[in-house]
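Read from first to last, the chains carry the letters A, B, C, D, E and F; within each, the first residue is number 1.
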Amino acid sequence: MFAVEVRDHIMIAHSFRGALFGPAQKLHGATFVIDVAFFRDRLTKDAVVVDIGRAHDALKATLAPLNYQNLDALQQFQGIETTTEFLSKYIFDALAKSAKTGALGPGGEGISRIRVTLRESHVARAWYEAPLT
Amino acid sequence: MFAVEVRDHIMIAHSFRGALFGPAQKLHGATFVIDVAFFRDRLTKDAVVVDIGRAHDALKATLAPLNYQNLDALQQFQGIETTTEFLSKYIFDALAKSAKTGALGPGGEGISRIRVTLRESHVARAWYEAPLT
Amino acid sequence: MFAVEVRDHIMIAHSFRGALFGPAQKLHGATFVIDVAFFRDRLTKDAVVVDIGRAHDALKATLAPLNYQNLDALQQFQGIETTTEFLSKYIFDALAKSAKTGALGPGGEGISRIRVTLRESHVARAWYEAPLT
Amino acid sequence: MFAVEVRDHIMIAHSFRGALFGPAQKLHGATFVIDVAFFRDRLTKDAVVVDIGRAHDALKATLAPLNYQNLDALQQFQGIETTTEFLSKYIFDALAKSAKTGALGPGGEGISRIRVTLRESHVARAWYEAPLT
Amino acid sequence: MFAVEVRDHIMIAHSFRGALFGPAQKLHGATFVIDVAFFRDRLTKDAVVVDIGRAHDALKATLAPLNYQNLDALQQFQGIETTTEFLSKYIFDALAKSAKTGALGPGGEGISRIRVTLRESHVARAWYEAPLT
Amino acid sequence: MFAVEVRDHIMIAHSFRGALFGPAQKLHGATFVIDVAFFRDRLTKDAVVVDIGRAHDALKATLAPLNYQNLDALQQFQGIETTTEFLSKYIFDALAKSAKTGALGPGGEGISRIRVTLRESHVARAWYEAPLT
């Protein structure tokens, strides 16, 4: 199995509900350094999984609506805990769609898995990984 | 598959037996920077794998009996080569028990896999990963 | 010149005012990974700059009132742009006081410089460094 | 599953053919920081996957013919796009052979998987992972 | 003293002349991960050294003519050893000019020092630091 | 001012005396990832501070007598607290001598400063920096 992984980041505000979250129930924020890995069983005729430049562009386009936002105020996140885990799946879903609609360029159609990792600090990160169906 | 990974470290002394280990047969030591990843198929009702704070606490509690120790002198390691690989499995076993006994808080009961990674330098690390049974 | 540097982090929300800041005028947030370096011309009788454990404790105590906060809502930051640069100086001032009041333990009294570095992402950081007077 | 991973690097020149590669069609270069993970179901009698020192040596020997080279000029790469993905598989193949021929020392014969990761910058990497057959 | 540091990278080919360089006399290449620190005695009225976004843009513009190039073929480097040290000074000179011509936006005029660091691998880097005159 | 910095590591055992050190009074150990920066006002005729390869070799030679040792048992450290700070100065002294005796190759004679940084974990490091006299 081959993989290519690219990195970008967002800076957001948010808060959580419920005793589990302790002090994180207050409005706070995070820098998420985000790594997205695209997996492919075989390389394309150009010997790539996807073009790294296009992968960076697709990731940036996916993150733009979230960057510099208070997630608590976004329509799509009402009633949702925007945990690091949740956001890794949310970004996964967006990039899975990008792969299918050609936003990743040649090779995107053959991507078999995606993993999205969000590093929230030097001591904690979360990820979601799944096959594309 | 979702995962959350937390980091801590220990500083220990130890030595090995057998020609394979060359100069590491002498008493020496290591800082192990330890990443523990908890995997879960679905998120809890709070949208987490486990609470990151509790995961950090459980890791710290697991490491406390090893930190600042000469592993050669500990009862449980008599006759054992405390290699980086061995220790990753040893810490895995302790955290697998923590998951089952509730030390990780809500979500711990649904953890399906754990991976324990020990970075021993900027150029070498080892890990053990397995499903919880 | 000797130095010891310890690391911790905070997760905060804030916003800026003024066209310079572009999209960062909106409420957003950041994880700041914070390194504090303490400088000393000579080592103490224990051969340290300061005890690393006490340095970690002093940094954690300094950061506690900021962690998981919306800086826009804190009394001490009204009318202030809480930029990465500003915060590095703010934390510097608090730790300079800690050094003088003994919170760093033996050696703290002889610290001649402090540098506070805030990493806001994998591609940007800021710091403030100055002698203690 | 146990794993041991070691790190080294090479500095090479190369170029690509085809519009997909944009400016990378010109002769340019890269530092590849290379991590090789060896996987084994059980540890050897010495409680290792493979000896970390021998793993470093085997990796260095594998990389030597590539280091400080213009890959475009090497016989074995004529007509081939030496992408990060391609090179991760190329190094995988060499180390898979090393495992079988004893170059990794005791334990090499039981390696069940290898993963070769090439980090080409702080924001992009690629890898190839497969079982040994 | 305040500082802001931003990161970008280039991927280049080059070669050296003279026995000192050993195998690096052959055409090879490097990824340089480049950190540029801008120093300022006092913050601007916006509480910044320079805007981090503009600093990133200025760095990218400075690096563009070098990225994906064979430095041996560039007019400005004929007869010059494009060592990591040399390039750190070369990029320093370009950014010193950017600071004076306003490319960094408000604050650029007050920058008192610049440091340019080029990381060529996980085990080697070089930098040039000097006051602006 | 120009600088070149190279990295290596050692794995040692040691212990401390005195209440300041708390649990570190017990025999434990550390991996020290060591960065040595060599400073020079001007580059040599080869456009380097020192050759990076020779710098790596000199660092490795300096570290060899310490690597895989119990520092408590070494003659030269009797009655000494081998703190991270102390060791950074100890390695500084050895490399300052290397610079003067030609072990760094051409350029070594003109080195004006050295900084030795020991990273003992992902959250703590120490360094010693001084001019060569």
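As a working rule, a residue touches a chain if its C-beta (ideal position, glycine included) is under 8 Å from a C-beta of that chain, and two chains touch if they have at least 3 such contacts.
As the structure is a computational prediction, the values presented were derived from the model and not from experiment.
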Item to check | Chain pair with the higher count of C-beta pairs in contact (A-B, A-C) | outcome: A-C
Item to check | Farthest chain relative to subunit B (centres taken as mean CA coordinates) | outcome: E
Checklist entry - Among A-D, A-C or B-F, which chain pair copies the contacts of B-D, with over half of them the same by residue number? => result A-D
Checklist outcome for this item: Distance in whole angstrom between the CA centres of subunit A and subunit E is 31
Item to check | Separation of subunit D from subunit E, taking each centre as the mean of its C-alpha atoms, in whole Å | outcome: 30
Checklist outcome for this item: Two or more other chains are touched by the subunit B residues 7, 120, 122-123
Item to check | Of all residues in subunit A, those that touch subunit B in their complex | outcome: 16, 18, 20-22, 80-86, 88-89, 120, 122-130
Checklist entry - Once bound in the complex, which stretches of subunit C touch subunit A? => result 7, 9, 11-14, 23-24, 26-33, 67-70, 73, 120-123
Checklist entry - Across the complex, what residues on subunit E touch subunit C? => result 1-8, 43, 46-49, 51-53, 56, 105-106
